[in-house]
Amino acid sequence: MSSLPGTNPEQASGADAGAHDQGHDEPYLAPKATWLATVVDWATTIDHKKIGVMYLFAILFMFFLGGVAALGVRVELWEPTRTVVDAAGNTRLEGLALSAMLPDDKPSLSDANDLYNRIFTLHGLIMVFLVIVPSIPASLGNFLLPLMVGAKDVAFPKLNLASWYIYLFGSMFALAAAIGGGVETGWTFYTPYSTSTDEGHWTVVAMIAGAFILGFSSILTGLNFIVTVHKLRAPGMGWFDMPLFVWGIYGTSLIQVLATPVIGITLLLLIFERLFHIGIFDPRLGGDPVLFQHFFWFYSHPVVYVMILPGMAVMSELIAVFTRKKIFGYRAVAFSSLAIAGISFIVWGHHMFTSQGELSATIFSALTFLVALPSAIKVFNWIMTLYKGSIDLKTPMLYALGFLFLFSIGGLTGIYLGALSVDLHLHDTYFVVAHFHYVMMGSTIVAFVGAIHMWWPKMFGKMYNELWGKVGFWLVFLGFNLTFFPQFIMGSHGMPRRYASYVDEFQIYHQLSTIGSFVLLAGFLVHLFNFIHSLVAGPKAPPNPWGGLSMEWTDAGSPPITHNFHHEPVAKHGPYDFDDVYPPQTKPGEFPMPEPAKPGEHPKW
Amino acid sequence: MAHAAHADGSQAHGSGHAAGHGAGHAHEHVIIPMRTLVTVLVLLMTFTGLTVLAANLEIIFATIFELKIPQYINVLVALSIAAVKSIIVAAYFMQLRYDNPLNTMIATFTILVLTFFLGFTMIDLGSRGTLYEYKAEQVIPGGIGGVAIAGGVQVPSNVSIAQFAREQADKKIEQMISEGTPLPKFLGVRLVHIVDELLAAKKPVPVAYAAYLAGKPELFKAAHAHGKDHTDAHGDDYGSAHSSSPDVSRVKTGITLPELVPAGAASGQDAPGRDAGPGTGPGGDDPDPK
Amino acid sequence: MNEWLKGILLKPGNSDLALGDWNVDGLFMFITWLCIGSFIFVMVPMFWWAFRYRRARGAGHMAAVRTPNHNTVLEVTWVVVPLLFMVVVFFWGFKGYMRGQIAKGNAEVINLEAYKWAWEPLYRNGASSGQQVYMDDRRTPGENGALVGKRGNNLFPVIAVPEKTPVKFIMKSRDVMHSFYIPDMRIKMDIFPNRYTSLTFVPQDAGGDLGNNDQAGAVTVTPGEIPGRDHYVFCAEYCGISHSEMAAVMRVMTPSNFDKALETWGDLYKGKNFAEVGAIVHARKCATCHSVDGSKNTGPTWKDAWGKMTPMAVGGSVMYDENYTREAILNPAARLHQGYPNQMPSFAGQLSDNEILGVIAYIRQLSGKTTDADKVPFPSK
Amino acid sequence: MTTLPHDQLEPANSAAPTDGGGTYHDRYQPAHHFKSREHEFDAVKMGVWLLLSTEILLFAGLFVFYAIMRMKHPEAFVHGSSLLDWRWGLINTVVLLLSSFTAAASVRDAQLGRQGWLKVNLFLTFLFGGAFLAIKFIFEYLPKISEGKLPGIWYSYPNWVDANEPLWWGLYWGATTVHASHVIIGMGLYLWLLRRAYKRHFGPRHYNGVEGVALYWHIVDIVWIFLFPMLYLIH
């Protein structure tokens, strides 16, 4: 081994004043001369890393906003009928901010219900359109994809900045609608309710317009990534030399580009329907609500795979780096990302088993079971990777194992909802709420937080406190299970969704769930303080703290320079060739620089 | 259709030829000679003429030989010609033939997604009436009303928009005739229909109506032109460019040979009253499906 | 073991879909054991290997030995085996589903109309639901001493279904989408305004002629009610402000009780005067939004409303008299009461003129201004 | 069919003339993260094709709406279509096909560096787009508005055969207005290209802009190629 990566002169960040790339050698985070210049630099940057970081902070802010709405829902459901207003006695619960939003004279049961409906719709809309669809692709995808494929930037950097500003513009619409009185249609905007409620209220159209605009931001991000993966890979990096993160993001981008336009036309027609009553979806004018459901779910099912695929993409990296082993069955995991992207387009009917004709319900139920197979392949492959690995249980790895635990439950409970007769019992109950929270929150957000921990040193050049990371994990893991597992049982007992007040026997489950949600809040607050502390006073991070082998670890500093690499990166080895590259018994900090592959010959996997 | 086969043939030959040549060195800047562009334009024009010809031929055959041409023939012919035209535009004008095959794959994947969307939605909404007939139809054809229309007037519930528009038009006609102001053409045609309905129902025709219609043969011609009226603004207001094919393959709604629009269909199905729900009808007699 | 777990996860079912062949409970438990099995199959190796091969503190050692990175046989088996289970689950689910869609020949057909926030069944002899019950038994004395249910004063209609005979609901909505969901019968179906949908099941046990109510435990039988075994009915499709209050009680009755119920509900107004008919109409159609004890609800209360100048949303005020009430019933949006949402559906065609007169009489009675016209016996059909 | 290998034409990644002279087109260099103009051209074309796939899928919603409603209410569509005058539809189709031809010709002129013809073709394409909109607005939209052949609550046309005809008008107005808005976007893009052509931005070394907008215009034309028989020729 000629030189240890830690001390490799070529890769030392910042020190080497390479002849080329004058003036671009300082880390991308380096501030400009004045404070204002830095702000202008960040606001007009076309550097994929800055855009990724801006997306990250915006998404975390929206995540906490959606989280507050979720706590509003849980507080409301603490008691069967006692809403934020004591309905039986019509007294207002003093001290609770939520009840301050109610009309001044004695608020009735229906006013409190209306408030609850607006809170849960807000929770749904913010979490789906503003947080979880762009979460991993826009923040980590933007930051890491060019680094991992060895490119200087994404294919269309200006388009990337446009996608960021479209995201801001769309979320402005959504927040304006939320502040202006909220929307009470549910995040699915089912007609005829969404076209007939709140007659004179502008907020519904503003929220739909917000979701419509956010669709374009998602399309542009997906488009950028597809062209980057196809055209800007480093020399020597074939399709199977790329990290599996890139495969996952590629599959996600395919869905984003092919599915999002359909929600675009749907929301456009919904806005026409609501403003001009052209009668396409509104049964009062001859339209058909089932047609809207098909239009809506044709996008919304593939988009739930836009949510989970990046989570899986991150998982492959976490498991590989922290078990120091090649992923078991690289091609199986890679192709299952594309298989999920493909199959996701033909199964949307399982959201409509209770409103569909019998023939199509049967066909969709049969196809739905196909979609479970690629996910099962991935989970089995990750578990096999652990066999005889060198597992370092740091926070990202804890989150990876947590993902496997929660995603298994989430995936398996999907089988209940795929079987026709059981779905007739469980549809639109808390069983469905628990299922999609286990898959969205328990898998994607858990993978997202784990990924932030793993690439935090690379993004910000600072290490986070390992102990507090682990404390945060256990709070999140236990809080999550305490919140959502009782909802499975409540759902199978028949508790319907979106209820502000419920029958007494479900109270124990709701109370458990509410307690769990506060433990969850505690976990995320611990992570927030851990991140802020590390930014302010964290120790300096080495370029390769975890001993990863993909290009962002081996060829770029922490934080990387503006143009990512000092030299033209060449793919000399696969992303997980730990056995071929490192001798046993080497401390993570001193992993040797990988031996350049002998010309023509490529190390086998 | 002979010409359709020929078109497909040439296209197949074209693509065969392209595959051999185009795929090799796709990255070179290909400049399409003007001769190819002109031939493609001429080809597109002929196909456009073809599709219009096919549509009109269909009418002529249908009326001369009293043939019953089912709906899907019309769809098949029109869409296959349109598909061939768009393939030609995509292959030559958009240079897919000479281009990196990746772009062709993007186009085909998009079409694939479109067919999935179309196919499964049609399976659902098309096969709704398989178990019980009443599941296929609308409760009230044309929508259940109960919404304020553009003029701010509230449509009573259980009355469809079209039906309400017809009632409003009848009132307007009555009012305009009483005032003596001349009716626009489409209201004139409506007046003819009203008179026909009154005659069919053996009710007395008001004198003012008959007087107004006396001097206007073209209204009768338009109203009875195969049960259609053509009041589009293209100069010749009453030339019946083409008429409906005699057969609508779905017999259920009953419009077959060109005749007066039957009074029943005109006033729309009478909304099933609350008691006469369809449930009491077909519900009880299904064989016990084991 | 299976019964114990089923007891925890599922409430006892009372329809052929829950207890008959290809039933939902059986498939639910089959999938549950399938999930527990595969969960263990995945989690045991994860925890064991994570513990067994954890990296000792500080030692950056590599994996001791190079292990194979893919094993085609293994990868094929863990695709084929789940697929086989899936085929079984799909077929079982499909058979169970079709039992809820195709009704048997002798099915009792009940038309059901859902409207914003209440259910209205219509039986074969034109009878509607003639009986209302409080949903939750723990009723506390309200301000004026009358027993008030926890959910305010809401009364929920009883939908009677005969025991052991197939029942077929043909459903339509009057305004937005709803969903007819009976958890204990293991079935649900959306309801649309523009098309008819239907669902069918065979209720199994009415709990004898006296109807033991230990199951739901929610509704006590008051004298004069026709007994039966009760089950919750919920609305499962979000439909607005009182979506969570849009409930009903499905009472499985023995065939004799069922016929008696249909017969009494058929002519509810026999031997009643106008004011009493008004009370019945209120209980069946108006209770969800209009309270009679002055408490605030979606719609204005009827207590002490008669003969007062009531403020209108468009400004000005109108005398609360016969034609204002009639107009409010037939075309509610015309002169909307101030401070209340324009949510009331029109009842044109739902109520006969006599029934409207009954409602007027009842409102007068609530405001203590009954005239002797209100005591005239209601003309029976 | 002549396909000149591009190196005869101009070495792809030849360095820009060092004397700093020549137009924007002569001094054009690919963005820093692309290896050569050829590399950038490929990436841009792929990006445009992905954008076109989103356009096609945008219209997919309307085509599915058409197919479903025609399947459920064939009489409404038969009668509704008979109220349209297919001759205007034919003229519009011919206009759009000509504009497609001039768009393809403009790409060819840019490749050959014939600035004069390039400007002519760009302007012709813009003109045909305008003609399409004029015909549609004056001869088809105005008479229908006056007679109440409008969707939903605006419908007031009494002579219908099937009560679902407002749905037909919903589709007619929905599809044609969304398509017309795309024609307007296309015309705006051609104005922008015309302005850049006057600044000699395009030539054999760099014509990405002309190529991209021409592709967009062809997709808008293909959508009309499908819309014309679907709306006007139903029997």
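Order as written gives the chain letters A, B, C and D; numbering starts at 1 within each chain.
Everything that follows uses one rule, which is that a residue touches a chain if its C-beta (ideal position, glycine included) is under 8 Å from a C-beta of that chain, and two chains touch if they have at least 3 such contacts.
Please read these numbers as outputs of a predicted model, since none were measured by experiment.
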Steps needed, at minimum, to go from chain C to chain D via contacts: 2
Pair sharing more residue contacts (C-beta pairs) when B-C is set against B-D: B-D
Between chain B and chain C, centroid-to-centroid distance (C-alpha), Å: 42
Centre distance in Å when chain B and chain D are each reduced to the mean of their C-alpha atoms: 25
Chain A and chain D: spacing of chain centres that average the CA atoms, whole Å: 36
Chain A and chain B: spacing of chain centres that average the CA atoms, whole Å: 44
Touching two or more other chains - residue numbers and ranges from chain D: 42, 46, 50, 53, 57, 60, 64, 68, 72, 152-155, 163-164, 166
Residues of chain B whose C-beta touches two or more other chains: 102, 109-110, 113, 117, 121, 125, 128, 131, 135, 138, 140-144, 146-147, 160-162
In chain A, residues with contacts to at least two other chains: 230, 258, 262, 277, 279, 282-288, 290-291, 294, 358
Touching chain combinations (by label order): A-B, A-C, A-D, B-C, B-D
Footprint of chain A on chain B - complex, ascending: 102, 109-110, 113, 116-117, 120-121, 123-125, 127-128, 130-131, 135, 138, 141-147, 160-162
Complex contacts: residues of chain B adjacent to chain C: 128, 131-132, 134-135, 137-140, 143-144, 146, 154, 156-158, 273-275, 277-280, 283-289
Touching residues on chain B, where the partner in the complex is chain D: 27-34, 36-38, 40-41, 44-45, 48, 51-52, 55, 58-59, 62, 69, 71, 74, 78-79, 81-82, 85-86, 89-90, 92-94, 98-100, 102-103, 106-107, 109-111, 113-114, 117-118, 121-122, 125-126, 138, 140-143, 147-150, 160-163, 165-166, 168-170, 184, 186-187, 189-190, 193, 223, 227-234, 241-245, 248-250, 253, 255, 261, 265-266, 268-269
Chain D residues touching chain A - in the complex, by the definition given at the top: 31-34, 39, 42-43, 46-47, 50-51, 53-55, 57-62, 64-65, 68, 72, 151-155, 163-164, 166-167, 170, 173-174, 178
Residues on chain A engaged by chain B in the complex (per definition of touch): 230, 258-259, 262, 277, 279, 282-288, 290-291, 294, 298, 345-346, 348-349, 352, 356-360, 363-364
